[in-house]
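There are two complexes below, and they share chain A, which is joined by chain B in the first and by chain C in the second.
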Partner chain A sequence: MLTKLTGGIVYDPANGVNGKQKDIFIKDGRIIKKPGKDARIDKEYNIKGKVVMAGAIDLHTHIGGGKGNIARMLMPENHRIDPVAHTDLTRAGCGHAMPSTFLTGYRYAEMGYTAAFEPAVLPINARQAHMEMGDVPILDKGGYVLMGSDDYLLRMMTANKDQQAINDYVAWTIRAAQGVGIKVVNAGGINAFKFNQRKLDLDEKNSYYNVTPRDILKTLATAVKELGIKHPLHVHGSNLGVPGNIETTLNSIEGVEGLPMHLTHVQFHSYGTEGDFKFSSGAAQIAEAVNKNNNISLDVGQIMFGQTVTASGDNMRQYANHGFASPNKWVCMDIECDAGCGLVPFKYRDQNFVNALQWAIGLEIFLLVDDPWRIFLTTDHPNGAPFTSYPHLIRLLMDKSFRNDMLATLHPEAQKMTTLASIDREYSLEEIAILTRAGAAKITGLVGRGGLADGDFADITVYTENKDREKMFAKPVYVFKDGEMVAKHGKIVKVTWGTTHVVRPEYDKSVEKDLEKYFNRYMTMKVGNFTISDDELTEDGRGSITVHPTVGGKV
Partner chain B sequence: MTEITDVPSPFCGIGTDDLAIQVDGNSLKVTQNGCSVNTPAFEQPLAETRPKINGKEVSLDDAISKAADLLRDANQPVFGGCATDVNGMRSLMALADRNGAVVDNIGFNAAKRNFLAMQDSGWMNTTLAEIKNRCDVLVVIGVDLEAFAPRFFERYIWNEDAMFLDDTSSRSIIYLGKAPSGKASTSPKRKKAKVYECADQDLPEVMSVLRALVKGKPVAAEQVGGVAVKDLQKITEQLTKAKYGVVVWGAGALDFAHAELTVQALCEIVKDVNELGTRCSGFPLGGKEGDQTANQVCGWQTGYPARMRFSSGFPEYDPFLYDSQRILGNGEADVLLWVHAFNSDSHPPKTDIPVIVLGRSGMKLDNEPDVFIPVGTPGIDHAGHAYRLDNVVAIRLKKLRDSGLPSTFEVLAAIEQALQEK
Partner chain C sequence: MSALTFTLKQRTDQRVDMSPLVCQKLSGMEPAEIAAIELQNGKSKVRVDSLFKISGSDSHNIQFKNSFGKLDFIGKDLTEGSIHVEGDVGAYLGMGMSAGAIDVFGNTDIYAACEMKGGQLVIDGNAGDFLGAAMVGNKQGMKGGVVIVKGSVGDRAGDHMRRGVMLIEGDTGDYCGSRMVAGTIAVLGKTGRFPGYMMSRGTLLLWTQPQLSASFNDCGAHTLAFLPILLNSFKKYNSRFAEVDTFNRVQRFGGDMAEKGLGEILVKI
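This part shows the complex of A and B:
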């Protein structure tokens, strides 16, 4: 089957194409070169004047794993406002803050997304993360494996095990949990909370292990680099949400000493203590540090006003913030000498000074970071807002007058504390394509995704040009996943199943001996039963695994 | 004859995965690390393997086709039992969605007590490995823990080594409510558990007073439900002085009206202790025979735990209204699909409406159902996944023998297919 998309205006920054009219040919799920004159076109779509991009990729969204499912169960009242009936094609489900897995896939695809990455896969809960993502239709997916509060690593660090031994353990873990990256959440803090430490600064020691978050960040960032894992260490910093945490974030950047590091939901880590309310924007300082340090990338974690539920591995900070729970109910868990989680429902209010300023801080970060290849569009779904708010966020970035109109409606004191109104920058379509496609594919190490070159997988989104960018990005006219049309005018027309992206760095198998001993002595399962086999992801007949190369490694 | 080691169990809820099982054709023998729950569940002999329609043996295809016919004509089908593995539950949900069915897990009357509390105010809980390595004070409320899980103490309390305890036998074990039925809670150094007995129906009052004491409120009474208030004060002190206290309860054991309020009081006590500056966690028992599995899969596919319905085309949740017993008793359903792949004693309730059963081979049935399809038991006849009681850990179940029994997943997927074809 040969498909032709005729006359679209192509934005493909992965290949240096910026708004050029170009035909695209699709065969067997891939984009191919223009075929010879006598090739028979089976299906042609006239998309003259429409905007064409690769399928969008969300590199940080909580779509699969235990904490998300607790968040779902915690909020029946939130599902009741958004029930969705089944059709002949699609399954029923419930949406809003933490949608059911099926709706997650459909709604992402309807917005032109074709891949999404779960950023907090606890190794012990990885099975669940993959099973949930296995029930997310259409999208490709993958997970970052959470480390840094696991007792095994902290024991190694306390025992001064060398970096090579730690690399082996990290590689073993990412393979056992079938991950594509490594994440650290409040480095060592989740562990410290179990020892009743209620806060942990970057240079504060874990009371039992004598290890600091700075040590952990550096150790794991080194492991990721040395193992050749393409996605930099994905860091949820210390002191999330604490006024003044801008210092922690800047020190973390300095602390990794030039190693690649991705700072996630930076908006929650960019707070100063100035002003009458002792809460101020650190966006300019963060942006300056990111602009200066090429090893740093970030996603924003923009907040939007309304009801959501925050779901995080950071139970230390979630516990500290439980007083803000709205409605007033919350869950915290310590998990298996591995990590933890915390769920706190949250209602961001535009007439609340702090929330209004959080909104402005997120946008300031977007607009002040220069390099679009190192910043990514996220709401840290569902923590800042559900992912369904992305089209609105894109409009805020692309439309200055719309942005300023919104700003003018917020808490007046917050308006005084932000420079947002004075920032003229408007994102271009090319930049949006970098943030949500080319850059995201590059930084997660995906081969053949995020671009529209010959040979790339045919994940393609076609938009009708509209000055109202929210409308434009909410309902693309066509979405193709692996060459098949899955959505049309914002409605699912075919349900397919994406692949799971993983990396498999090499390691010294002798690490397994000590792990076996450790599991037998201290854990609650046999090490052989901990490791997730490939057939667990594929035996349902829908799933598949795509192994991406490590730097300098073989697949 | 072969021996399979490191076998995980879906029966005991606590995720024991160190069983050794000898396989001789279709017969299984637990040779290592069995217990009174797991051993009989694994060793139960294989009985019938042929499906039946109205008591007569038929082919699997005929049974599937008949089941599809019954469901196709139903106005309000009810799917009860819902006790299977993750893939089985996935296909059950797909069929229920298409068929407009009520989905109600057999354990939900117990689980409801937890969900009502959790959905109203939340909780702070922990998991088995944290208990094994950290817990220095264990308070067991209203449940005979060793009867629930015979190996709980051996595996998670009296373990030889713990990362953060010098001597596991120095842990304090306290029972409030039911007394333990055996000696599993006595430490290897023969230190006995402290037992403060009271009747189940007095637990709500006892927990309220305990909470008042934790919060430092004055209590005038000297005794509550037969328990001395000064003993409750001792429990309070132990919890607030612990390094890592854990409060265990079993929703199934709290079998009295509005036990959710007792669960809530207990969860709030845990939060209060944390608020006072000491770490403390709750630990709900469960996880047997697919109950957590049903809630997890139903949760990620619909947003709701496993007492919900698709009757309006979309998911709706109500822990009272969609009780299958109530619906059947009220004559609101016209077909019952009963799924229990783990336990042949867990048969469907008596009803006059047509009944389709997917059951463990050997299921004892009061009445011959319209359709009976013996299905494989996950973790014996086929591989699969089951959730442990602590809700975080899914265990990978192994296939131990080649009985030829189809899985729940295969049968329900085939019924869904057949439903679509006509």
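This part shows the complex of A and C:
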């Protein structure tokens, strides 16, 4: 079947197209070259004057893994307020901060998103994470495998194993857990928490393993680079949320010594200690460091006001913040030999000094980082806000007067502590397309996604131009996933199933021998059961796997 | 003007959400309008007049007759008037009511007086589990008003209770007053296991010695001047609590020490 989208204004930064009127032809799920005159067009959509972009990609959103289910169980009241009935096409569900898997897929697709990446897949729980993401309709998905606080790695580092051995272990893990990247959360801190350390600075040693977060970051960043994994080491830094953590973040940037590193939800890691309340914005310093260091990319983790739940593997920081739980209930747990998990419900308030300044810091980072290819639009769903707030966030970025109107309603002391009002920058449509499409596809190493070139997968979103960008981005006119229309005017019209993106770096098979011994001795499952086979992701008949190449490696 | 009376024609297989039929919502409505209100019945909606025979017109004074255990949410968010029920009722009786009166001549299912804020709720029969509790996941249950149960109650009566008075003439199930934040529960009958489990504050006033968990400390025998005042305040109710002999001597147990420990279980000596 040949589909034609006629007359749309195309924003495709991946291929250098910026607001050009262009017809798009779709066949068999791919974008194709303009066919010959005699080709029969089966379906034509007249989208004259409408804005066309590739399907959006969220590179950091917690949509799979045990923490989501714990959040759902923890907050039934948050589900009660947001029930969605089933239709002939879609399934029922509920949940505002942490919606059900099905609603997650529908709501993302209705906003024009076609891929989302779960950033904290604990290897030991990877099976559950993939099963859960397997229940997220329409979207493509993938997971970053969480390492850095696992006892096996720390043992290796304590024993001064060489980088090659660690590379093999990292490669084995990412393959076993079917990941597309490596994530590190509070490097070593989650482990240190188990040895009764309640904070861990970048150069502070784990009291049992004698390893510092700086070592771990460097070791893993090197492994990711040497294995040729395209997505840089995905780093949730140390000291999340601590006033003054700007120092830690800047030191981390220095600490990786030029290796590629992605700093995630940087907003939570950009706090200074100035002012009457000893809490200030470090956005300018972060932006300066990022602008200077080409190896660093970041996503913001913008907060939005309202009720949400923070879900994190960083149980050290979640434990420290549990006093702020609103409503007052929380969960903190250990994940065997791997990491931890902490859930703290949170209500961000615009009349709270700290929350208001957090909001401003996030936006400052967005506006002060120059290169749109290295910054990404996230709220760290659900930690800063549910992903459904993205259209609002886009409007804040694209509309200075709206932004300043919002700022004027916040806590007055917070307004004094931010330079936001003096920043004139407004994001253009092209830049939004880079943040949410081209750049995100590039940095996650996706082949054939995030662009609209001939041969690319036909993940396409069509928006009606509207000065109110929130309205524009909330309900695209058409959303195509792999060439099929899945949403129309912000309503699901067809439910499809996306693929799971993975990478498969090469490694020395002998690594399994020692791992087998380790698993038999310490873990609750055998090493053979730990490894997730392809069949497990595909045997339900709707999942599939897409392997992306490593740098210099073969698929 | 006679009471607005709904007489159930026949029992339904599925549960019925009765929340639209409360005084404040029906006031000023024509009988035909009331008859046309749709109630959720399982997966479908049914008109009021297909379920009930309607008579009378005083919407300030509602009666349900032939009621049975699948009529849920009777008197939900009641703010005025009175509701009188003959027969059993389903779950969530008087949920969130803030004023007015409900009396039930029958038994209730779970979560009667759930998150009730005020008014008076009288149950002539037995009440199910979670009397005056918080909805699942919520942190505060009953926040005010008076609940009188003439029979016995199930487990977890007063779970997360925040304020108000619960008078239970019969026995209670396990975990009576669990996770109580504050408020008063008085029980004439026996209590089950773990009374006051995880209570942080609040008072359980008991006429019989309970089986206490290890995290309650015996604080000795006390003469408490407030007890006669409290007991006298019960005199105005149509309840056995109006007839109990006034006393001021109690054995006091403090707990739950696994929580804040400011709660108390007072047992009549």
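Note that in this section the second predicted complex is superposed on the first by the 555 of 555 C-alpha atoms of A that agree within 3 Å, B and C clash if a C-alpha of one lies under 4 Å from a C-alpha of the other, contacts with A are read in each partner's own complex, and residues count from 1 in each chain.
What we mean here is this: contacts are C-beta pairs under 8 Å (C-beta built on N, C-alpha and C of every residue); 3 or more make two chains touch, one makes a residue touch a chain.
The shown structure was predicted, so the numbers you read here are calculated from the model rather than taken from an experiment.
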*Once the shared chain is lined up, is A:524 touching chain B (first), chain C (second), both, or neither of them?*
first
*Which partner does A:336 contact after superposing on A: first (chain B), second (chain C), both, neither?*
first
*Residues of chain A touched, compared between chain B and chain C (which is higher)*: B
*asked:* Quick check for you: in the superposed arrangement, does A:491 touch first (chain B), second (chain C), both or neither?
replied: neither
*After lining up the shared chain so the two structures overlap, which partner does A:328 touch, if you call chain B first and chain C second: first, second, both or neither?*
both
_Once chain A of both complexes is superposed, is A:151 in touch with chain B (first), chain C (second), both, or neither?_
first
*Once the structures are superposed on A, label A:278 by its partner contacts, choosing first (chain B), second (chain C), both or neither.*
neither
*Both chain B and chain C contact which residues of chain A?*
74-76, 328-329
*asked:* Show me the residue ranges of chain A that touch chain B in the complex, using the header's touch definition.
replied: 64, 66, 68-70, 72-76, 79, 83-86, 91-94, 98-102, 122, 124-125, 127-128, 131-132, 135, 151, 155, 193-196, 208, 319, 325, 328-338, 343, 521-526, 528-529, 532-533, 535-536, 539-540
*Going by the contact rule at the top, pick out the chain C residues touching chain A in the complex.*
135-139
*Under the touch definition given earlier, write down the residues of chain A that touch chain C in their complex.*
74-78, 80, 327-329
_Contacting residues of chain B [partner chain A, same complex]_ = 6, 8, 15, 17-18, 86-87, 90, 94, 97-98, 115, 118-130, 132-134, 155-156, 160-164, 243-244, 274, 277-279, 281, 295-296, 299-305, 310, 312-317, 383, 385, 390-396
